[in-house]
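This is the structure I want to talk about, given as structure tokens.
Going in written order, the chains are labelled A, B and C, and every chain counts its residues from 1.
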Amino acid sequence: MSMKNVLGAASAVAMLAATAASAETITIATVNNGDMIRMQGYTDQFTAATGIDVEWVTLEENVLRQRVTTDITTKGGQFDIMTIGMYETPIWGANGWLVPLDNMSAEYNVGDILPAMAGGLSHDGTLYAAPFYGESSMIMYRTDLMEKAGLEMPDAPSWSFVAKAARAMTDRENDINGICLRGKAGWGEGGAFITAMSNSFGARWFDEEWNAQFDTREWSDTLNFFVNMMSDSGPAGYATNGFNENLSLFQQGKCGMWIDATVAASFVTNPNDSTVADKVGFALAPDNGMGVRSNWLWAWALAIPAGTQKADAAKQFIEWSTSNEYIELVAANEGWANVPPGARTSLYENPNYKDVPFAQMTLDSILSADPNNSTVDPSPYVGIQFAAIPEFAGIATEVSQEFSAVYAGQQSVEDALAKAQAITNDAMEAAGYR
Amino acid sequence: MATQHSRTAARIMMAPAVTLLLGWMLVPLIMTLYFSFKKYLPLRGGDLGWVGFDNYVRFVSSSAFWPSVTATLIIVGGVLLITICFGVLLAILLDQPMWGQGIVRILIIAPFFVMPTVSSLVWKNMFMDPNYGLLSYLWEFFGAEPIQWMSQAALPSIIIIVSWQWLPFATLILLTAIQSLDSEQLEASEMDGASTLRRFWHIILPHLSRAITVVLLIQTIFLLSIFAEIFVTTGGAFGSKTLSYLIFQRVLESQNVGLGSAGGVYAIILANIVAIFLMRIVGKNLDN
Amino acid sequence: MARAVSSRRKSINTALAWGIGLIIFFPILWTILTSFKTEGQAIADPPVFLFFDWTLENYSIVQDRSDYMRYLWNSVIIAGGSTLLGIIIAVPAAWSMAFVPSKRTKDILMWMLSTKMLPAVGVLYPIYLLFIKLGLLDSLFGLVIVLMLINLPIIIWMLYTYFKEIPGEILEAARMDGASLKSEILYVLTPMAIPGIASTILLNVILAWNEAFWTLNLTAAKAGPLTAFIASYSSPEGLFYAKLSAASTMAIAPILILGWFSQKQLVRGLTFGAVK
């Protein structure tokens, strides 16, 4: 298309060298999700307004985690802003590794950040990271296929309805799977889904003495239900499907239902990418009549590592990128459906945003998620699809690998749960909990 | 032959390389040993004191340890087997007269230039993906059920990807060796009416033994520590966790540097066992 | 005396070799083709091979997002710098081993190779802490040093096997003529060893170019080479095959082209002493 861009690269280098010398430059590590990529495109406006240059280090999620964690724990000081999630923020904040975001300017209006998000990104009441976008999870379903199956999706369905609908919508001849869910190994992929789902079945990761709970009936119920439903009505090979794989399956019209991040709503309703854009309905993530739904809560947020010399410039950038002005800037250029969602209360009060079809359901999902009270029985940890303790990412990745082996038909549910129990207790012992 | 003078000069000239490598080996090794006896949890305040051999015991007693050693050996062995067998056959083929030999050589050598991250991404997404991968179209075209490569055949998939990367290297070394084979010797045997198989077995293969040794040695060194291929494809799931991946999981995912360092020491021991093993079997071949 | 071969057999050889060559090359070809498709065409069912609307859109998106030239430049410096530095250190060492061998030469050589077996992930924390202390994080200099050290054993070994094939008498003759050690290395040995040195350089440029652990973990915004460039294109949200292909093509094209042009030199010296 524009060959000029490709060829003009050399002059861009020269320009970069010229400007870098004059002003302050901050380095930001971020994840390669669509909203962040879009933000990079608008960075020029920030530089024009403040004179602060921005250098981006954009990495795929797993590499990013590895990179920023190494840097923060060793105080490497390579980044002035790090993009981290709801899992890392309270842990790092508690260790004193992040600059508290307590004296933000009045225009920024910290109070406007959705309480659920602010709560998840704080430690002891101090905010340590500003949400760039936030999400819960919900059901996205094909209205046409639901109708064809002769069913009607309630606003707040139960797991038994979802399983029934999934079986009814499945049409193997036409390559339509009743339901697409994450089975991919990794604590943030399949691990996050099954953990959130287990909450609604009354399961939990740990009892109050930090003993692993995989030997309980609740976990066995969760996993059996999931495996049965997926083998009846899920796509072949779901053991390696994560967010991205399911997104493209749904966009290609191969899924009847998909329970996943609320941010996916803007992708599946975007007619440029999705073949089913005008046939998507939304509902709350299912429950099991036990008072807890299976939706999670997550935010990608910007935090300033303690020790950076450029904390002020970094704070300026955070105020800019997570502000209402930024949301309006994106809305003006790309439409309201494409603004970063789930961070601010005022967005959901904005009459323009109310017209976006998934706005209300996103808000309802976020509001119904409570990280401090995520399980039916009491648990010692904070977090819904994770437990906010440093050991969790490692343990949950290993556990979810055992689960994925079940999904791939390589071991039984009982074996996987027994291994999960051993892995978890072993790691908790190593960390000194037990 | 060598004078005292030249011996001294030789020592001096070796000094920079030896010193540097000694430093590169000792500094990380000593730090790894140091950490391996510590309870070192970066996310819990770092150094939490000495723990003796706890980390060593814990690393080995984990249910993931022996499977990871097995997976490492299967991957290394599988790749070696494939690259050497196909490498020998390809080298013999390329040694035959044909049209466009130069271009064919260019085609075959190409995978060696592709960075492991890229080749893993390309294979995983564009070939082995169960929905959009080219291989699944191929399977469907022949009326077969597409394979779920990354879950049902994780180890074979990784072996295929890594073999693809290393086959050019093996082929090239073996080809150079074959080309140095005395063609008169071959012709003489041809005259004698020796069958192709006999010629291969009694003349070509013995001639190649030295080159095969070299391929074995160099590839083993590189293959023992493969990481990107697993990180990008399976993330260690479905039984594809090698020893170096297990160490990664302990150090970075679980943030337990002490435990991971103990694993590092085991990996060094394993590497040395393999090395000694190789030297014994193979070293003789290099000497003559 | 050339072997007489029937043209039938030559045809069979040609067909077989070309077939295998194309199969081996196909993943790269497919990546290049896909980089010119739209995201929709990239996953089209059935796959489209040549007949699609060729577009440069992916390249322009990739270039808009990340400054390719800077990553490329860093890759060139890191791969080139580490190789040159390695050669400068390795030539004298390999010379001593080849021409003034002692009983321990073989052991030293094997020990050097064994340093390559240390699993990189196991020493990430130690090295990272060391780099912080030395102020080398995210610097090209630091990466040049690390990659030089990683590949030094291979460089020394390649040069050693190559030097060993040079008949010692030539050097002795030079010595008789009163040549100093320096001129012996510079004027007698080096010219004879040029093919070996050239292929050593090439192999190590390739190895350093493709190294993806240290180059990713020790860099941030300034020193990241093409391996870091690729890390921002693997598995983002949505369809990404075409963009991934474009980024991949950009990352491997320079080294692929270099490799193709110099493959004769590469092959000539890539024997590791395997040929007697």
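Here are some notes:
Here is the rule we use: a contact is a pair of C-beta atoms (placed from the backbone, for glycine too) under 8 Å apart; a residue touches a chain by one contact, two chains touch by 3 or more.
Keep in mind the model is a prediction, meaning the values are calculated, not measured.
Considering the contact criterion stated above, the chains in touch with chain A and with chain C alike are B.
Counting contacting C-beta pairs between every two chains, the top pair is B-C.
Taking each chain's centre as the mean of its C-alpha atoms, chain A lies 38 Å from chain C.
Between the CA-based centres of chain A and chain B the separation comes to 36 Å, rounded to the whole angstrom. Between the CA-based centres of chain B and chain C the separation comes to 16 Å, rounded to the whole angstrom. Among all residues of chain A, those that touch two or more other chains are 66, 70, 74, 248. Looking at chain C, one finds that residues 43, 124-125, 129, 231, 234-235 touch two or more other chains. Touching of two or more other chains is recorded for residues 42, 132, 252 of chain B. Only residues 1-3, 5-6, 9-10, 12-13, 16, 27, 29, 32-34, 37, 40-41, 55-61, 63, 66-67, 70-71, 74-79, 243-244, 247-248, 251-252, 267, 273 of chain A touch chain C when the two sit together in their complex.
Against chain A, in their complex, chain C makes its touches with residues 43, 55-57, 59-60, 63-70, 73, 124-125, 128-129, 131-132, 137-138, 216-217, 220-222, 224, 228, 231-240.
Looking at the complex, you find that chain A touches chain B at residues 62, 66, 69-70, 73-74, 91, 95, 185-186, 235-237, 239-240, 245, 248-249, 254, 390-391, 393-395, 397-398, 401, 404-405, 407-410, 419, 422-423, 426-427, 430-432. Looking at the complex, you find that chain B touches chain A at residues 39, 41-46, 58, 62-64, 130-132, 146, 148, 150-152, 231, 234-239, 241, 249-250, 252-256, 259. Against chain B, the residues of chain C that register as touching in their complex are 1, 3, 5, 9-10, 13-14, 16-18, 20-22, 24-25, 27-28, 30-31, 34, 43, 45-47, 89-90, 92-93, 95-97, 99-100, 102, 106, 108, 110, 112-127, 129-130, 149, 152-154, 156, 168, 181, 206, 209-210, 212-213, 226-227, 230-231, 234-235, 241, 244-245, 248, 251-252, 255-256, 259-260, 263, 266-268, 270-276.
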